[in-house]
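Quick one: this structure, given as structure tokens, is what I'll be asking you about.
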Amino acid sequence: MMLPDPASTGLARVRKIEGSALGLRTPAFAPEEGAGDLLEVSLGPHHPSTHGVFRMDVVLDGERIVRLKPVFGYLHRNHEKLGEGTSYLGSMPYTDRLDYLNSMTNNWAYAIAVEKLAGIAVTERAEYIRVILAELSRLLNHTCLAGFLMQDCGCSGTPLMYAFREREKILDLFESLSGSRMMCNFQRFGGCRVDPSAEWLAATRKLVDGYGAFLDEFEALLSGNEIVMARTQGVGRLPAALAVNAGVTGPMLRASGVGHDLRKVDGYGVYPRFNFRVPIGREGDVYDRYMVRMLEMRESISILDQALRGLPGGPILDPKSKQRGLRPKAGEAYGRIEGPKGEIGFFLVSDGTGNPTRYRVRAPSFVNLTILEDLCLGHSVADAVIILGSIDIVLGEVDR
Amino acid sequence: MESPEALRDRLLARFPGASLELVANGSPSGQVSFRIDPAFLREVARFLRDDPELALDQCSNVTGLDSPDREVVETVKESQPGAPGGPPVVTERKQTRIAPGHLEVIYHLYSVARRHGPVILRARTGNRTDAVSLPSLTPVWRSCEFQEREVFDLYGVVFEGHPDLRRILMWDAFTGHPMRKDYVEPDDYEWEPTPHGDVLAKARRHYPSAAAPGAAQPSP
Amino acid sequence: MILAAAPASPADAWLERAPVLLRDALTGWLPDALRPWVAALLSIATILGVFGLLFAYMTLAERKILGRIQNRPGPNRTGPFGLLQPFADAIKALTKEDIVPRAADQVLHFLAPVVLVALSLIGLAVIPFGRNLVAVEMEASVLYFFAAGAATELAIFMAGWASRNKYSLLAAMRALAQLISYEVPLLLSVVPVIVVAGSLSTTDIVAAQGGWAAGLWPHWHALTPWGFSAFAVFMVAALAESNRSPFDLPEAESELIAGHLTEYSGFKYALFFMAEYLGMAALSAMAVTLFLGGWQAPLAVLEFIPSYAWFGVKLLLLLLGFIWIRATFPRLRIDQLTRLSWKFLVPLALVNLINGGVWAATADWTGAAAVVRWFISALGVVVPFIFLARSLSAGYGPRTYRYASP
Amino acid sequence: MSEAPAEASVPGPLSAEERDELRRHGILLTSVQELYNWGRSHSVWPLNFGLACCAIEMIAASMARFDIARFGSEVFRPSPRQADLIIVSGTVTKKMAPHVVRLWNQMPEPKYCIAMGACAISGGPFKQGYNVLKGIDRFIPVDVYIPGCPPRPEALLHGLVQLQEKIRQQPLRGPDAPRHLRSDLPCDATVPELGAEDIEPPFSPEIWKPPTLVRPDKA
Amino acid sequence: MLGKGLLQGLAVTAKNLVGSYHDPARYVTQEYPEVQPKLPEAYRNFPFLVSETADDPMGTLRCVACQICEKECPPQCIYIEKSKDKKPDANGKLQIYPAVFAIDTAVCMSCQICVEVCPFDAIKMDQEFAIAATDRFDGLLLNREQLAKPNAYYHQIHPTEASEVDARLAAERRAAEEKARLAAAAKAAAPKAAAPTAAAAPGVPAASASPGSIPPPGPPPSSS
């Protein structure tokens, strides 16, 4: 069988086009005197390594970065404006879509803010369930992050596949509890929506028991790998003083050697009852950020273990709490928790009606990006990609 | 950490000319805040950061807040000279007045070193149209850089002394400030199979033919 | 008629001689003047056919093995077990619209993939795929092979430069750096083989690796200390030469979108794809020839299996190694890539040069002296490796972590 | 084969059932059209392009549990030049819309578009937002819509199977021919500009007509 | 030593390569179109309307068009038009019913807030996910007829939840009957009983037993 000439059948056509693939207009950059030939490249908004629609306007001298300006807003979905037009309960499913890897912790942060605003107490059992879900979420986030980071380092998908293999197990738990894989919409003001069954707790126990073995294998694949170490050690150093001043939070701050963890500092929920440690790095480079997350996961396993063992009985929702038609007294409240990516906070201003007048999300990914240029200057494009990967951003949260 | 009142007194003693007001919070959260005269904002901020007892080294959150112009109904008492010798006639008259709104920026400060917070600072612009500038706190806390840009973008507060004040979320050619309460969205109405009351009104505006006789319309 | 009696030597076995017999049967009726030409054309056609098919199924095998490593099946519903997947891809690629940016250098943009495929193919002419199975016999075939291979990175540079795309340009610069860095260790690692074998001809080098110590330990170069070292250097350099992970910097997806391929679509893109696999196959075939005894069987008792089958098995194993490495490792950075070459591979290959020379000079040592010879050679590999590795990995290493005081 | 194009233009002499029967017995190809459609339907390479939440589920679909590779579609190409399918996975904001359309224009024909998730179809939960494009079909012709927020990876696979089916059913001649074989349809989509208040134009008039206000269940 | 980490990594991938042939933990693919996913009971995707019986879904919808879900739906994807007349529901009680009930699945985010706020257990979450369509408005806008699914289906997808709901509804119905009976008794005691209304109010308890007794739903309301 022979195919007829493609041109004659019109099966293929040749097109000559203007412009180049992915070519974008970048803002003009005036090089300093004495600089060599500089190349302006716009990494993103469509780029395999920007973790979504994010753009870095980069000026290169050879492959060395001499300027880098992050450009945001390609996923600005008006979350805050929508929050002002929605009831307090109605915003809960929207928080799922902020940091769409960690809907459970977003829910919790929002619930804490509303509980502060309206003075709602949370039941004991619900506090434990929240801790369990938040730590599962942390496992999920850090595992995926490590996978994505290694993908940025140039792995052909294998670490990401293993990470997602484990992610599916955690998502199965989320799904069988809350009904959805990613958008859990689980926390309620004063507690949680569903009481986990004994089978669910047994399944969680099984996952927690097996997670350490997965981490061992994952670390055998990556942590000691010479190429990984060469690529990540000494890259993107973040000094502690700058990190604090720039509002950097979460594992990124701890990798710089600051032992600041809201689970210890604020002691919200029932975290003070658990015995766990806060790993900190020395160098504050990409490798430290990766390793701190790895170690944090081991602590999370320990917290999960304690929480599953100490889970008390009782109701999961404060019977006095109100969900629909909540009208808090006029006032304001800022509630924050230690999300997997850092301090996630909600600032709510109520004027006594059913909708908040101001609904503000303090997104850790967004603030952590402040120092992106500082970290990348002097490094190469390949480094910028993994520095961005190690910051751990989710664009839904950056742009909101 | 010292009580808010003690802090207010200390700040007033340190910055004698500053108008510093403790703003109460009606909600059970009890997070009180300090409203500061913009002229002193940066100095106060730097003091809060560098004071060894406070050491508020982290500015966690920067928020804009819009209070639109609103109508105020006031009762005005006017006394007119009444009958000679008699007491003046006092007439009460209701009068509506447009109280100018303002934009407000709120900073949530925490101390990483001393593990306390939040101390909340607020500063108001003069109005919402021309006197919209406030001093930038980016020189004090780097974390304000992008967050202030966001407030500039969405609320239109101009931060004096900001190193790179450009729009951050919307594109550069965009003119509005969408988080303001009076922002009107562009009419890009999506035909919705499920029109609700206000959506329907919008639809009628958007598709004038729909309102024409003969065209099938959903009942409101 | 042919199988009248059991063959005296494996070289006479019917299966072993099948390709030659087939060729003779096809060309035997031709006049003598035409016969070599037609035979040459036949071998070209065979190489094109076999390696074309190999390319098609290499892509599928790579997708399936990568899948298995990643706990999933890979393509399995296009035809039975997904065996028709490469053909579906080929049909799609052939009929896909071809886009040429108007700003691009039209001629170079078209030439780059063609040149690349051609250069990847011509190296295969001098590989002895089996006993008496070599398309072109020449004295300096090793030299010819590497001369042809060196030009492939040039074609990548052409592609990157002609596209007039910033990512492509960066890829082109990387390709040049890679070319300059890795040709050196690649060639240096081959020199000891030439020294030991005493010939530049691939057939001679294969012949030099014939025979077994006690019928068990084949005299392959890779099974000697210096040879192993040279083999390792060769394979690392081959990875870099064929732009395979962890040295796939020119098309580094996470940094440069698709690097020099960013502006290529349709069939031209498929050609690049093909060239990458052909180049990989050619270098692997060369490695088999130089270090793994070519078509020689690993054990004397296994000689009854035809030589080209042994060659195929070794080639496929090396290609599996390429895939395995790709599935495991992240990518190096460009400065680390060049440093690995200049500070590690090149010195190692240079030391190995002496090592190979010593081996050649001591060829007549037997008995206990042979053990000493082995020991010296092993020392000549291990000691420089330790020193070079230490200097290369200075500053990197596993770390210990503290915990914050509560 | 000289008669191949003619065969392509008219439906083959065999009925669909007979063809299925033949196919079951391993006799596969009966015409250029079928071969062409078979080839491109089994080699749909998506663009490595994600927008928001749905992109995570798209990635999940390519991961071990769901393995989009089984359909021959795991080759996520980073460059639009080599991609056949754009999966618009997530909210398209107005700021992003020109880039998405430009990516679409940069893809060579034949190309397909899947709108994955509520946001890509209609703006979804964010459709009331000022910066959200109310459906990517305003600018790009969408082949398959996958509702859900986000759709399960299985739903994406289901959508992909539907797309493959759609490709296989396409006649190469006549009014139902695929877009890239018809000269009356534009090659490139209109790329919107970022204006002072909104994107200009707010939709591509060649591709999208504002629907009249007739509810489908009442029309 | 240089290379140890690399070899370790190769060992891990080799273990997975070999393991994928014998170890189910290292071969996790579920071949979707052939193997349908095992959806947990809690799984939710798009709402549906519960009707009591399968043979007359429109006549036995639990929904009384109170429009709470429409108001509470965060993305505003529900559209309800109340009927102008009343129609007996499954219990025979005259109720307002939804003349139009449409859900735009192209907008719905399956947050299940409609389910939470519904006081009548009339709207529940479905588990259908494979509804990809090539046409947006024909395929993705679900109207009343497409949304209505019988209680038996609800029992099939959410057995535990459905039993709870049934028990609760039965209890409510018993309580209502009790109340009605007491009221009727009180009225009977009174000199003049409002006989017609009292007879209509308790209705037939088990509608599913006698679906024929329910008048068919009226013609679909024409557009105004």
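The letters A, B, C, D and E name the chains in turn, as written, and every chain counts its residues from 1.
Throughout what follows, contacts are C-beta pairs under 8 Å (C-beta built on N, C-alpha and C of every residue); 3 or more make two chains touch, one makes a residue touch a chain.
Quick caveat: nothing in here was measured; it's all calculated off a predicted structure.
Taking A-E and A-C together, the pair of chains sharing more C-beta contacts is A-C.
Relative to the centroid of all protein Cα atoms, the closest per-chain Cα centroid is that of A. Inter-chain centre distance (chain D to chain E, centres taken as mean C-alpha positions): 32 Å. For the pair chain B and chain E, the distance between mean C-alpha positions equals 44 Å. Averaging Cα coordinates per chain places chain C and chain D 39 Å apart. Residue positions of chain C touching 2 or more other chains: 69-73, 95-99, 253, 257, 262-263, 266, 327-329, 393.
Residues of chain D found to touch two or more other chains are 35-36, 48, 63-65, 67, 70, 78-79, 81, 95, 106, 108-109, 122-123, 125-128, 130-131, 135, 149, 152, 180, 211, 215-216, 218. Multi-chain contact residues of chain A, defined as those touching 2 or more other chains: 3, 11, 13, 15, 17, 21-22, 47-48, 73, 76, 78, 81, 93-94, 97, 158, 161-162, 165, 168, 183, 221, 223-229, 260, 399. The part of chain A that touches chain E in the complex is made up of residues 86-87, 89-94, 96-97, 158, 162, 165, 168, 172, 175-180, 183, 185, 193-194, 217, 220-229, 323-324.
Residues 169-171, 173-176, 178, 183, 185-186, 188-191, 193, 195, 203, 206-207, 209-210, 215-218 of chain B touch chain D in their complex. The touching residues of chain C, counted against chain A in their complex, run 66, 69-72, 94-103, 163-167, 169-170, 173, 245-246, 248, 252-257, 262-263, 266, 326-336, 393, 395-399, 401-406. For chain D in complex with chain C, the touching residues are 35-36, 38-43, 48, 63-65, 67, 69-72, 74-75, 77-79, 81-82, 84, 106, 108-110, 180. Interface residues of chain C facing chain E in the complex, by the touch rule stated above, are 65, 68-73, 324-325, 327-329, 386, 389-390, 392-393.
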